[in-house]
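Here the chain labels run A, B, C, D, E, F, G and H in written order, and each chain numbers its own residues starting at 1.
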Amino acid sequence: MKTEIKQILEGVKAGAVSVEEALLKLKTQPYDDLGFAKVDLHRKIRQGAPEVVYGAGKTAEQIQGILGSMLKNGQERVLITRLRPETAEEIEKKYHIAYYKDAGLAVLGGMPEPDGIGTLVVATGGTSDIPVAEEAALTAEFFGNKTARLYDVGVAGLHRLLAEKEEIMNASVIIAVAGMEGALASVVGGLADCPVIAVPTSVGYGASFGGLSALLSMLNSCASGVSVVNIDNGFGAGFLASMINHMEAKK
Amino acid sequence: MKTEIKQILEGVKAGAVSVEEALLKLKTQPYDDLGFAKVDLHRKIRQGAPEVVYGAGKTAEQIQGILGSMLKNGQERVLITRLRPETAEEIEKKYHIAYYKDAGLAVLGGMPEPDGIGTLVVATGGTSDIPVAEEAALTAEFFGNKTARLYDVGVAGLHRLLAEKEEIMNASVIIAVAGMEGALASVVGGLADCPVIAVPTSVGYGASFGGLSALLSMLNSCASGVSVVNIDNGFGAGFLASMINHMEAKK
Amino acid sequence: MKTEIKQILEGVKAGAVSVEEALLKLKTQPYDDLGFAKVDLHRKIRQGAPEVVYGAGKTAEQIQGILGSMLKNGQERVLITRLRPETAEEIEKKYHIAYYKDAGLAVLGGMPEPDGIGTLVVATGGTSDIPVAEEAALTAEFFGNKTARLYDVGVAGLHRLLAEKEEIMNASVIIAVAGMEGALASVVGGLADCPVIAVPTSVGYGASFGGLSALLSMLNSCASGVSVVNIDNGFGAGFLASMINHMEAKK
Amino acid sequence: MKTEIKQILEGVKAGAVSVEEALLKLKTQPYDDLGFAKVDLHRKIRQGAPEVVYGAGKTAEQIQGILGSMLKNGQERVLITRLRPETAEEIEKKYHIAYYKDAGLAVLGGMPEPDGIGTLVVATGGTSDIPVAEEAALTAEFFGNKTARLYDVGVAGLHRLLAEKEEIMNASVIIAVAGMEGALASVVGGLADCPVIAVPTSVGYGASFGGLSALLSMLNSCASGVSVVNIDNGFGAGFLASMINHMEAKK
Amino acid sequence: MKTEIKQILEGVKAGAVSVEEALLKLKTQPYDDLGFAKVDLHRKIRQGAPEVVYGAGKTAEQIQGILGSMLKNGQERVLITRLRPETAEEIEKKYHIAYYKDAGLAVLGGMPEPDGIGTLVVATGGTSDIPVAEEAALTAEFFGNKTARLYDVGVAGLHRLLAEKEEIMNASVIIAVAGMEGALASVVGGLADCPVIAVPTSVGYGASFGGLSALLSMLNSCASGVSVVNIDNGFGAGFLASMINHMEAKK
Amino acid sequence: MKTEIKQILEGVKAGAVSVEEALLKLKTQPYDDLGFAKVDLHRKIRQGAPEVVYGAGKTAEQIQGILGSMLKNGQERVLITRLRPETAEEIEKKYHIAYYKDAGLAVLGGMPEPDGIGTLVVATGGTSDIPVAEEAALTAEFFGNKTARLYDVGVAGLHRLLAEKEEIMNASVIIAVAGMEGALASVVGGLADCPVIAVPTSVGYGASFGGLSALLSMLNSCASGVSVVNIDNGFGAGFLASMINHMEAKK
Amino acid sequence: MKTEIKQILEGVKAGAVSVEEALLKLKTQPYDDLGFAKVDLHRKIRQGAPEVVYGAGKTAEQIQGILGSMLKNGQERVLITRLRPETAEEIEKKYHIAYYKDAGLAVLGGMPEPDGIGTLVVATGGTSDIPVAEEAALTAEFFGNKTARLYDVGVAGLHRLLAEKEEIMNASVIIAVAGMEGALASVVGGLADCPVIAVPTSVGYGASFGGLSALLSMLNSCASGVSVVNIDNGFGAGFLASMINHMEAKK
Amino acid sequence: MKTEIKQILEGVKAGAVSVEEALLKLKTQPYDDLGFAKVDLHRKIRQGAPEVVYGAGKTAEQIQGILGSMLKNGQERVLITRLRPETAEEIEKKYHIAYYKDAGLAVLGGMPEPDGIGTLVVATGGTSDIPVAEEAALTAEFFGNKTARLYDVGVAGLHRLLAEKEEIMNASVIIAVAGMEGALASVVGGLADCPVIAVPTSVGYGASFGGLSALLSMLNSCASGVSVVNIDNGFGAGFLASMINHMEAKK
């Protein structure tokens, strides 16, 4: 990773590079040459690691171009988020992608074998929260996680949620997706003893104010182990859950 | 109730009052003379019915004056809300009041026998919500209701709440008092099949924004039968609960 | 209701079920087997009781499927809320539903005889609030309540409201539906001595901020006996009003 | 009023002032020399007209200095707003002022004879709104208006307000002062056919959000002829009401 | 106006009406029979006085029906606000109305001769504020006011505004219409010594938040004599301005 | 854990307990007897596991009482949060606690050996954020985590943050504590490839609106792996970080 | 510039104009005749200086009319902002304009040679911010500035931004355009020692609340030298940057 | 500046430092060694350049310590902001500082000779805005700028502002400080053709919402060349103004 700097230094040592030249080179090198290997890892620049394309606002042609360039560079699996059906259909003419309509997600190169610590549970308060939940669940699967879906287990019908208590208690990480009053995160957070990622959704009307109600509710959760991502940010929740679920692999 | 108008009319009939005089009198009579008996009932002007004094911002002398006037007019029981300990102490020098420190409430003339439909349950999410809950419970008791207190049964420790499910299911009306994420109202609303009055409290910090989070959460409750009063409005909740719990007496 | 547990216990008693098996079964039983009968009642799982379908975001086919399944299970009356005319028209091809365009509501199986304590009054500030009011009124009728409609009695024309004071004073429960400044709830709350359920509407422009103005106004009502539901939540108000209007039937 | 410019011009005509000098003078004259007489009138620079001192944040010494300078310049009557009792007491040692504790106002030189079109009615929803109402009423009186006070006529006790309908209907201008739900402005606006100036107050708690609820409510008033000033701005309302009540004197 | 009550009373006097009957009648009379003549005046129930129809959300047929009924009852002049061009076109097929496209206003029966105290000035900050300003100006004209329009005199180009200072200083009432920072009201309020009605508009983008910025700015105006109506409420401003401009006619 | 149910079942099997008695007992057992072992684990009811006392609003006597009861039950280590110095001093008279003034935290029984996956990094934008950061760091240490503190590394002085890039890149979990613009979370989130828990603080003035600015900024972070807890919630962040840092121990 | 006043004064001197006539003329002259030359300069009324037309809401015909009038008066270069493609296309039929689709800008008469102090750097956090950035950059170029574009250098990928540190450090003025968390302004402000103009954009979703998050974040920047313009206000930023970049030319 | 890296490289060249050692050193060097000279310049680490100490929350002892260290390192002039009188008094016992009470600022080492492009004008809307304005003006003077103060020139008294138009038009940069409606920035921005830095203040009450009204107003300014800093941020405005006023010195 640090070979470029090393080469410069060896050039200096060998007298092939003057101190002044070296100074200039070091100053103008991109930072990733100076020890930011992990930035690279994180940004998935290395060939073969999964890559994410944010599809919103991109044309089918633009995405095809990106995919083409990626495939040429050896990228094998790509996740495309916030992709509309029409655009997906257009892309499919050229590339084999699996399009998940509910989540507005497409995957090129297929899902990997799960290799995380345990099972990620994705729970929703209602059926209208499912698109955001699917974005989270499929993102997590794309990054190598086994998932379980507990949909429509809102707190107003507690028996439905309690009927799934085994799943909840055995989860490695839970993603709680809810709009309206957003109480699901607190209730789940109280039942479980694993990290709970709360995703407020813009589902609701009136005083839900586009998800603000659920967002505030989740931030004020009195259950321990709950943290919150942006309204409707299924991808962010899925990605973070995967990170946590691969903690042991880190050392 | 309508005797004054009746007297005017009888005066007209008897010729003792001219049509013009009657016209003027009718026009300038307070409206409660024109059939607003129920306003009176509601406002408790009739002797002997319980009366409420809003204590905030009133001096001990002012309240003593009001109490004196009330007692002289035959009023037997009075509720004083938002009363500070120092003021209560001062009033006690002259009148036998029972002061409830937690709730900041005083009662003159004692609590009545409960005569409502059933038991009012007052539940809180945490211990910090108790002052508001006590205001609600004591108000309800003052207006003739049997109450049961379920304190500190917040949704993050669901087993505590579920352990009280008998109480919740047998309640006539439930007052759910909670700050922070305010999820208690939804969970209780889902368990019970009676009206739930949600009272958001200003308990919390940061993104609770002085009770806004709990307020929005409760307004967005997906449980049926839930309605909301102002932040920290324990009195309002207790009064409304009493009204509902005396429905059958109305006919 | 508790027969399943009872069967398990009797199996244990008879030696047909081992303690370990029983333990496992009890742990994995849905909670409604453990005494949550009232949840069931509330959720209307029992055959024949009225059921509600939230129509928003569902296709005609989906709703027809739900209706078919309900009818097969003996469900006789169904309320469908937030239903668009086109969808209603499509459903009507297969099922006899009564569609109420103003309210966006459909009823399958007809309205029942009213059996509540008294009459529910549904009042609106203006004519634009009528759709929300109709949702409330029809919901209440569906659940067995007699209703009276007092529309366009906003506080800026007080004589219109006062002309209806008899209705207001004789009401069992009042639903006050208003947008803009939402003052109707306070004025009605002052005239009546029954519970008032305030429904803010998103009617208005500019500083009404989508119903926020009416919502805050209603929450701050200085009239006793007023509580508030979400903006435009006619169904919630109708349901709660029915609950209150059937209080005496509860014992 | 325009004598300075005139003098310059006459100097030019007489040859005593060169064109260049005149040009410079005209360019650097304060604008009130160039036809802004009315600004002056408005700002009360002319001797003898009433003057207002904003007392908040000023020391007794500073205010005494201002008063001294004003009296020396022939100013006869001065209004001091937002004045604390301690400061007033200090000022009284040197000047004869009448201090109105409720309103936090002091008047030097006494109140004038009323000379407006009619009577200004100042109404409040509750007793806590009285300080703001007094600021409005006394300001109006200081500027030569007859006032009538209708305090504690909030809409939740409509009969109290209706008992005063004569006053309301005969008012020249009405100042409606209310906190909490702020509905007074709409109800008064519907009864009266004169301009109504609505003053939201910061009275209330919880969802009153420091007067925001009353402010929004008043801005959304469906009654015609209602306009709004800042929260707690009694002075502004009194000043504007006086302006309107002196309309006929303007021509 | 009060003849109905008088007749009842005379019936009582004459023995033709019993006291009980009279009591009942008095109780059930609409309030406008009990002295609310001015409500009627205000609401323009009397024949011949101008009437206003709020056109938003009404079909051409509905408006035609209202107009027909009005004309039959002797109503000569009608103002229709918030009327879309298509609807206006449809109405024109049956009635002679003058439609003002900019303002979205139609007038039936023509504009009257102005009979107010002076001239109403309607000023706007920019050209995008003109529709709201026209609604205000035409409303004022409909109610008998002479108007002067000063458009696009925003404070960022102060010379344009100052060039019109004569108009501003001679105005009877000024309506200041502005979006974005809404500073026009303060500057005009400082120049003029007549009442200024500020109308915030929803013109702007970003941090104008739909008119909130202009609204707050206007409410905080440090100029005396300024009050505020709802965002985009040109009609309200025009109506109130007319009220003020007809003050002398009131006595 | 499930012994109570087991005993009941065995009683049934042995005939010592009738089916009806068993049914009743099962229905009224606290839920933790029915398989909620993990709730227990989470709530730390088991002897010896660390326990947390929320100190805010509790007197020294109350806390001493709680500690006494805990020690008697074998609890060895206790964390007391939001504890004021005066209260801490009082408690110290009776119990050996270590009080951390900056964080407002006290620990009874000492800190344990760290046993987590890696090092938790706690970073702050400025020096004023340190109290919240210390609450987070000490909480994490109390639950068995090794921590590294990177204080005052705000993004406006990027070189300070970059100088610590080794620490950041090697972290197991990062807690980013910042007020004002809250940009630290995004920058750190971009550098690291571990979960980042963002804690907005109420540090700042003006448009920081009590932490709202930092909160929104952090929720909108475009860096992956970032989630947010409530404003000033150091404890919540420390607890969650510990949970994540002990993931491998879970299986 | 001041010739008109001068002529009046000379007329007075010569006796050709009476003092009264002069007085009247001076009072009614537009203010720009009285020394507001700089207003004129600023407003670019002088022939030949560049002019700006705000295109939003204007038809192609209206803009063509403005352009025609400008060209006739000798205006050589015109900038048209917020211009839609269709309108641009229509205008192009009559005038040679260069239309920049991304920025929604058109330029008539071409770009000038840059003559500012140094290079303006326009940086964006993401690719979605580019339209606003282009509006800023092209505006700056239109007013004679050399620009450098650093797009998609958001803080979550710090190495991309740091790779451009030379550009940033050598900039004369920097325009930082970012939505979502808006952290770019702070980071850039910390790296650079020149004025940074922050432009929040409405890019984002959920808790970005239409740019509010970025706006607050930028206002709270702890970096020195940062100021903020309205959300999406690329033109304002470009204009101000040009002003600063031409400071030396001012003396 | 880059001597450390140079020494390392020369060590490598000379064979005194191995490539591996050099690599390690380069990686762990603070970034300011790698070409961030300008960061240093900006942060004023170089001896002799003025330094700023943020006084809020620091004790007299802490500040004395910082000053001592600075003086020892050759720092000659120091600015201390947000310093309370008591703390200043304490510091004065040890160091010669000039304390400016209004602004809450202290300067050690005296003010320098102004060396900027022109004069900075600091204007305020009212007298209550002066503390923030003084913070701005003194900061600017500390960094070598000539300033002119135009206080209490709010837009409601336009003639006061216009009387100063010469100052405004000749300014190099203007800092417009205003609370309440914040209109000063727009009016000044329209008069001047130099950069205007708007500083909203928290001066006001009611709907000023702690400066929010002025902030929004200033962000929406329709005058070109206006940008905004945080509420009450006098220091930020003074620093930025100085930066702009020293533009020519930069090349």
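Quick note on the criterion: a contact is a pair of C-beta atoms (placed from the backbone, for glycine too) under 8 Å apart; a residue touches a chain by one contact, two chains touch by 3 or more.
Given the structure is predicted, the values throughout are model-derived calculations rather than measurements.
Participant: Common contacts of subunit C and subunit F?
Facilitator: A, B
Participant: If each hop has to land on a touching chain, what is the smallest number of hops from subunit A to subunit F?
Facilitator: Minimum number of steps from subunit A to subunit F: 1.
Participant: Which chain's C-alpha centroid is most distant from that of subunit B?
Facilitator: It is G.
Participant: Looking at CA centres, what chain is most distant from subunit C?
Facilitator: Of all the other chains, the one whose centre lies farthest from subunit C is H.
Participant: By the contact definition above, name the pair with the higher C-beta contact count: F-H or D-G.
Facilitator: Between D-G and F-H, contacts are more numerous in D-G.
Participant: Report the chain pair from C-F, A-F or F-G that duplicates the A-B interface, where duplication means over half of the contact pairs agree by residue number.
Facilitator: F-G
Participant: Which whole number of Å gives the spacing of the CA centres of subunit B and subunit G?
Facilitator: Each chain's C-alpha centroid was found; their separation is 60 Å.
Participant: Centroid of subunit A to centroid of subunit E, CA atoms only: how many Å?
Facilitator: Inter-chain centre distance comes to 55 Å.
Participant: Let me have the rounded angstrom distance from the C-alpha centre of subunit E over to the C-alpha centre of subunit H, please.
Facilitator: 50
Participant: Identify all positions of subunit G at which a residue touches two or more other chains, and write them in rising order.
Facilitator: In subunit G, 27, 35-36, 39, 157-158, 190-191, 206-208, 212, 215, 219-220, 224, 230-231 touch at least two other chains.
Participant: Name the touching chain pairs, would you?
Facilitator: Every pair of chains meeting the touch criterion: A-B, A-C, A-F, A-G, A-H, B-C, B-D, B-E, B-F, C-D, C-E, C-F, D-E, D-G, D-H, E-G, E-H, F-G, F-H, G-H.
Participant: How about subunit H: which of its residues touch subunit G in the complex?
Facilitator: 35-36, 38-39, 41-42, 117-118, 165, 169, 172, 190-195, 197, 215, 219-220, 224-231, 236-237, 239-240, 243-245, 247-248, 250-251
Participant: What part of subunit F is in contact with subunit H in the complex they form?
Facilitator: Subunit F reaches subunit H through residues 128, 157-159, 162-163, 166, 205-208.
Participant: Using the touch definition up top, name the residues of subunit E that touch subunit B in the complex.
Facilitator: So the residues of subunit E touching subunit B come out as 2, 5-6, 9-10, 12-13, 15, 19, 22-23, 26-27, 34-35.
Participant: Provide the residue numbers of subunit H that touch subunit F in the complex, in ascending order.
Facilitator: 28, 30-32, 36, 39, 43, 57, 200, 202, 210-212, 215, 230-233
Participant: Which residues of subunit A touch subunit B once you look at their complex with the stated criterion?
Facilitator: Where subunit A meets subunit B, its residues are 125-126, 154-158, 180-183, 185-187, 189-191, 204, 206-209, 212-214, 216-224.
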